[in-house]
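The data blocks that follow each hold one structure.
In what follows, subunit A forms one complex with subunit B and a second complex with subunit C.
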Partner chain A sequence: MSASAQPAPPAIVRPRRESTASWPLIDRLAYGLCWAVGIGLCVVAVGIVVFMFIKGISALRLSLFVESPSQGVLREKHSGGFLDPLIGTFIVTAIGIAIALPAGVGIAVWLVEYGRPRWLMRTVESAIEMIAGIPSIVLALFGLLLFARPLFALLSGSTSTGGVLGQSFFNAGIVMAVLALPLIVGATREALLQLPARTREASFALGKTRATTTRRVLLPSIRPGIASGTVLGMGRIIGDTAIILILLGTLKLEGTGGAPLLSTLRGTGSTLTYYIYYYAPTGDGNSPQKAYAAGFVLLMMVLALNALVTRLSRGRAA
Partner chain B sequence: MLLTVLINGWPSFSTNGLAWFGPGAGANGDPVVQFRAMQTGTALPGHPLLYFRAWPLIWGTLLSTFGAVVIALVISTLAAIFLTEFAPPAAQRVLEPVIRLLAGVPSVIYGLVGLLLIAPWVNGLIGNGRKESVQYVVQLSGSCLLTATLVLTVMILPIMIAFTSGALAAVPAHWREGSVALGANRWRTVWRVSVRAARPAIVSATVFGTARALGEAIMLAMLGGGRPFAPNPLDGLTFFFEPIQPLAASIVKEFGDDPNTPIGHTMYAIGAVLLFSVALLSLAAWAVRQPLKRYGIGI
Partner chain C sequence: MSTLPPPVRRIAVNRQPHVAAPSAGNGSPTAAPSPTAPRGRIVEPTLTPAIERMRLESVSLAYGDRWVVRDVSLPVRRGEVLALIGASGSGKTTLLRSLNRLTEITAGAGRAGRITLDGEEIHEIEVNALRRRVTMVFQQPNPFPMSIFENVAYALREQIDTRPLRRRRRARKGRLEPAVREALRRAGLHEEVADDLDRPALSLSGGQQQRLCIARALAADPEVLLLDEPCSALDPISTAVIEELIVHLRESVAIVIVTHNLQQAQRVADHVAFMHLGELVEYGPAEQVFGEPRQQRTRDYIGGAFG
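Moving on, here comes the complex of A and B:
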């Protein structure tokens, strides 16, 4: 092999592990506890995945992917699949990311590169931090109140009494964007702060303006950071139930009529999380087999996104 | 935002006054009875339509949050120490994605797993004798304070570990080396130097964990037992097996579609309380961190 021709890299000198035999008993106990906790965490994670895997595989049928759910049918055979929630998940994620990505990157770039006036930057910073701490259920309540105003009538259907419904894919997507925003801002900001100053200075030395530098130099070089933030945001959106429960809340896609795409987007529906909640033993549907199958699909999505984040962050480090 | 939510919840507060936070008396003291009254639009005899006493919900929130945060504080500190100090590189490579995975698992899945894996186990733990002894007061099942708290602990662990281990890793190496040079073993060094220096971050971790536990709705709605009951610590061991329904979970379970109904106003009042407590929490954390910051590694 060609590698053997190269000089061997200098052996990394690792300090020999201190033997714990000489430690006092209390310290050894604590050391053992640390190991136990570490292993315990792995066991919990593996347990969840394996459990969902076994239950999910045995409950999964291909037909589940192509059938619509039928609300109110209690016999498991006839209650359909999760086509609509699956589509709903994609719609909500797409809308959420489509709003959160440009907004998040824009805010992060402004915070790091411009950040003036100072007081406004501080305010925006703490506002983003606050948003990250707000429970999603309260976010959803706020969204419903906001979007039920006549001003936003375009975004959702109307109630039987002629008021604005406030529930639609648009609205859920917008609130989801708020949920994903702190993650994207955080990741982009980290990446920007880690860029060496010489990158910027080189571009300035060539006579580029700040805006051109940002667009041509900074953004391309922090692409992995932005991507991992986006993926984290997607994971957050896919996994949220409370917002869907309040801002969408029907199992099937129910359009408002009119132009086909617009009708769906203004209409209501559900996502996989809501589907699981509905069919879980505590929900109204109560057919756990469906919940298992959907849970399995959802967990696979989350796992895939996780693997993506790991790869992206490793790629950046290398 | 706090204002908007508060304004829509105001009718509920103004009708009930400060008694909103208190317990109700008699058969009408049960929040379920109050919710049903609001949903059907028939006021309870002798009370206004918006009559609501939130104490069982608040008590449930306090119990589950406090329990989970205390357990998670211990575990997350140990896990962070393990991750930054003791784990061999191979274990580190495994543990990091594992923690990220635990953070990414949606709360419905936690609810589902808890419902089908932990609840039956806890149900067996209760035993029939204990169930029969209280069956005229409350039905016990595997979905109870204990189950909810345990699963909640797992849910808030990843974010707390992330905060703590980040700060532990940022402790300057020469601080630790100084301690080792003085003859302290590695555990003493970590405990006396690193963890001490990381105290501000541990406070932040606790606050974030508490905020997440307060706001967690779906999992608790699935695993709380489905009944707003205020577990009584005087019940001995049974206390741990009594059902709870925290504030956020109540919104999930009882909210209809319309914010401008009696039930809607009540739900927004609950939302306002949640929002207010989260805001207060971050304020408190800021205040606690200030004196600690001088000696430590902060975030």
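Moving on, here comes the complex of A and C:
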């Protein structure tokens, strides 16, 4: 045995964990409370997932994904599926991100790389913080007032009296972009600030302008940061109900007529959040099972996005 | 070691077998050191006569109202290595960075006196054009998070290319590849990475990364190469490889190196400028500055009395 030839390794001395016995009573209580709330939080989180899983799985049918909802049906059996809200969720998210991503990255680049004059930079920063704090229903209300003006007639359908409706996927998407913007700006800004100064210097020392440096070096380097901001923004959009309630507000996709895609985008519809709101036990839909199933799907989508954020930000650290 | 008169340079470590061999028919003085050279060989290439590229005349540099460099006059010549030595805070890095106006990134930086490149005041030259002619390698290897090829090609690319993106992409690689390989060859890195230029640059070792940064700095064929303590983050073997490279490169490009390492200055420098608290204390041929310094402060610094 060759192993016996080697000297035994020295015993490892580990410090004993600090005992709380010597602490004042108040500290011990607070310490116990910290434990309790931490564990309590886990219980709540697991409880939600398990509850939605049980409720959702039992109500979930494959047919729900391919059937349109039918309103005004009293029997739950005939109330259809959530195909339209599912499509609506994708449309609203796509429009919102398509606007918020370039705008957010642009704002963050300006803030970090240019940011002159100073007072303007501070103003922009406060504006972003302010937007982040506005309740989404207020944003939606503002959006409705704005988009119901004749100037924005192209973005939505018209009412029976000839006025501008103000409700459409375009309008909801644009307001969603405002909702997602602070998250994308924040993540991009953080990523840019974390880039070491020497990365920029290396590029400047090669005779590259600030613009070239940003486009060719900085933005490719912070792609994970931008991506996690975008995914956070997506989660925010997918989960929002108030904007949909005010700026879309019909369960089924209802186009305005005309070119097929444009008709849908100018038309109204709903998202999964609205669907849940409608079919929840307190809602008008009278089919709570459908709400559970949709809630489960929504929860899974958001959890998947969160997992993606974690992965992307870990990729950044590596 | 201090008795060895430069330009006698002894690099007393094993030569790296991966240093690029001179390609066939490449008798030019820019060739990388031969891998078959015996250990500890004295490298003494035949020098082309030194040509003055840059000239500093009574240069003073300030950040805000604090003067960090006072009244420095120096020539920078192709065909020789100029080493700036001195304790921390002596202003040598600031002086180096002023040569390609990199000091201007810092708010409040100012300058008095003249700095000329081939007779032209550098403030008259467009700043990005100047930085392509006077490039810089930093203390920390700082390759961009892209492939090896892209790192070097980045330096070569024009700022504005108006051709459609797709056509540009296709043209790009074929057109740039010879130049990229040549730059890697000059930096003595080509042999090691020739097979896979698409590897991420950050997967290279520290010494290789620094040579990649040198290749990047050489790619645009600059007149002057500035090195800011290029070996301070490297192990001794990588340091030796880069020191040899510096000695060979001076034939084709004027080199200014800032170093804290006096042995390194002795090994690579032809001229040495000793700075202390923003002043140029002594400037002269390396053997004179190290062998018989004229100033007491130089003697003290070299003797290890302060710094």
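Here, the second predicted complex is superposed on the first by the 301 of 318 C-alpha atoms of A that agree within 3 Å, B and C clash if a C-alpha of one lies under 4 Å from a C-alpha of the other, contacts with A are read in each partner's own complex, and residues count from 1 in each chain.
The rule is simple: contacts are C-beta pairs under 8 Å (C-beta built on N, C-alpha and C of every residue); 3 or more make two chains touch, one makes a residue touch a chain.
No experiment lies behind these values; they were computed from the predicted model shown.
> Based on the superposed arrangement around subunit A, label subunit B with subunit C as either clash or fit.
In the arrangement built by aligning on subunit A, the partners subunit C and subunit B fit side by side.
> Contacts for A:217 in the overlay, against subunit B (first) and subunit C (second): which applies, first, second, both or neither?
Touch status of A:217: second partner only.
> Once the structures are superposed on A, label A:209 by its partner contacts, choosing first (subunit B), second (subunit C), both or neither.
In the superposed model, A:209 contacts subunit C only, not subunit B.
> Applying the document's definition of touch, where does A:55 land relative to subunit B and subunit C: first, second, both, or neither?
Only subunit B is touched by A:55; subunit C is not.
> Does subunit C touch more residues of subunit A than subunit B does, or is it the other way round?
B
> After the fit on chain A, how big is the angle at subunit A between subunit B and subunit C, using C-alpha centres and going to the nearest 10 degrees?
120
> For A:273, using the defined touch cut-off, is the partner it touches subunit B, subunit C, both, or neither? Pick first, second, both or neither.
So A:273 only meets subunit B here.
> Taking the superposition as given, does A:265 touch the first partner, subunit B, the second, subunit C, both, or neither?
Neither partner.
> Examine A:201 and indicate which partner it touches, taking first as subunit B and second as subunit C; both and neither are also allowed.
second
> With the two complexes superposed on chain A, say which partner A:191 touches: subunit B (first), subunit C (second), both, or neither.
In the superposition, A:191 contacts neither subunit B nor subunit C.
> Of the two partner chains, subunit B (first) and subunit C (second), which one does A:133 touch, if any: first, second, both, or neither?
first
> Once the two structures sit on chain A together, report how near the CA atoms of subunit B get to those of subunit C, whole Å.
25
> After overlaying the two complexes on chain A, where does the subunit B footprint on subunit A coincide with the subunit C footprint?
Overlap of subunit B and subunit C footprints on subunit A: empty.
> Please output the residues of subunit A touching subunit C within their complex, sorted ascending.
Listed in rising order, the residues of subunit A that touch subunit C are 196, 198-209, 212, 216-217, 220-221.
> For subunit C, which residues are in contact with subunit A within the complex?
100, 102, 105, 127-133, 135-136, 138, 140, 142-146, 154-155, 159, 213, 216-217, 220
> Which residues of subunit A touch subunit B in the complex?
18, 20, 22-23, 27-28, 30-31, 33-35, 37-38, 41-42, 44-49, 51-52, 55, 129-130, 133-138, 141-142, 144-146, 148, 159, 165-167, 235, 238-242, 245-246, 249, 273, 276-277, 280-283, 288, 291-292, 295, 298-299, 302-303, 305-306, 309-310
> Which part of subunit B faces subunit A closely enough to touch in the complex?
1, 4-5, 8, 75, 78-79, 81-83, 85-87, 91, 94-95, 97-102, 104-113, 115-117, 143, 154, 157, 185-188, 191, 208, 211, 214-218, 221-222, 226, 248, 251-252, 255, 257-259, 267-268, 271, 274-275, 278-279, 281-282
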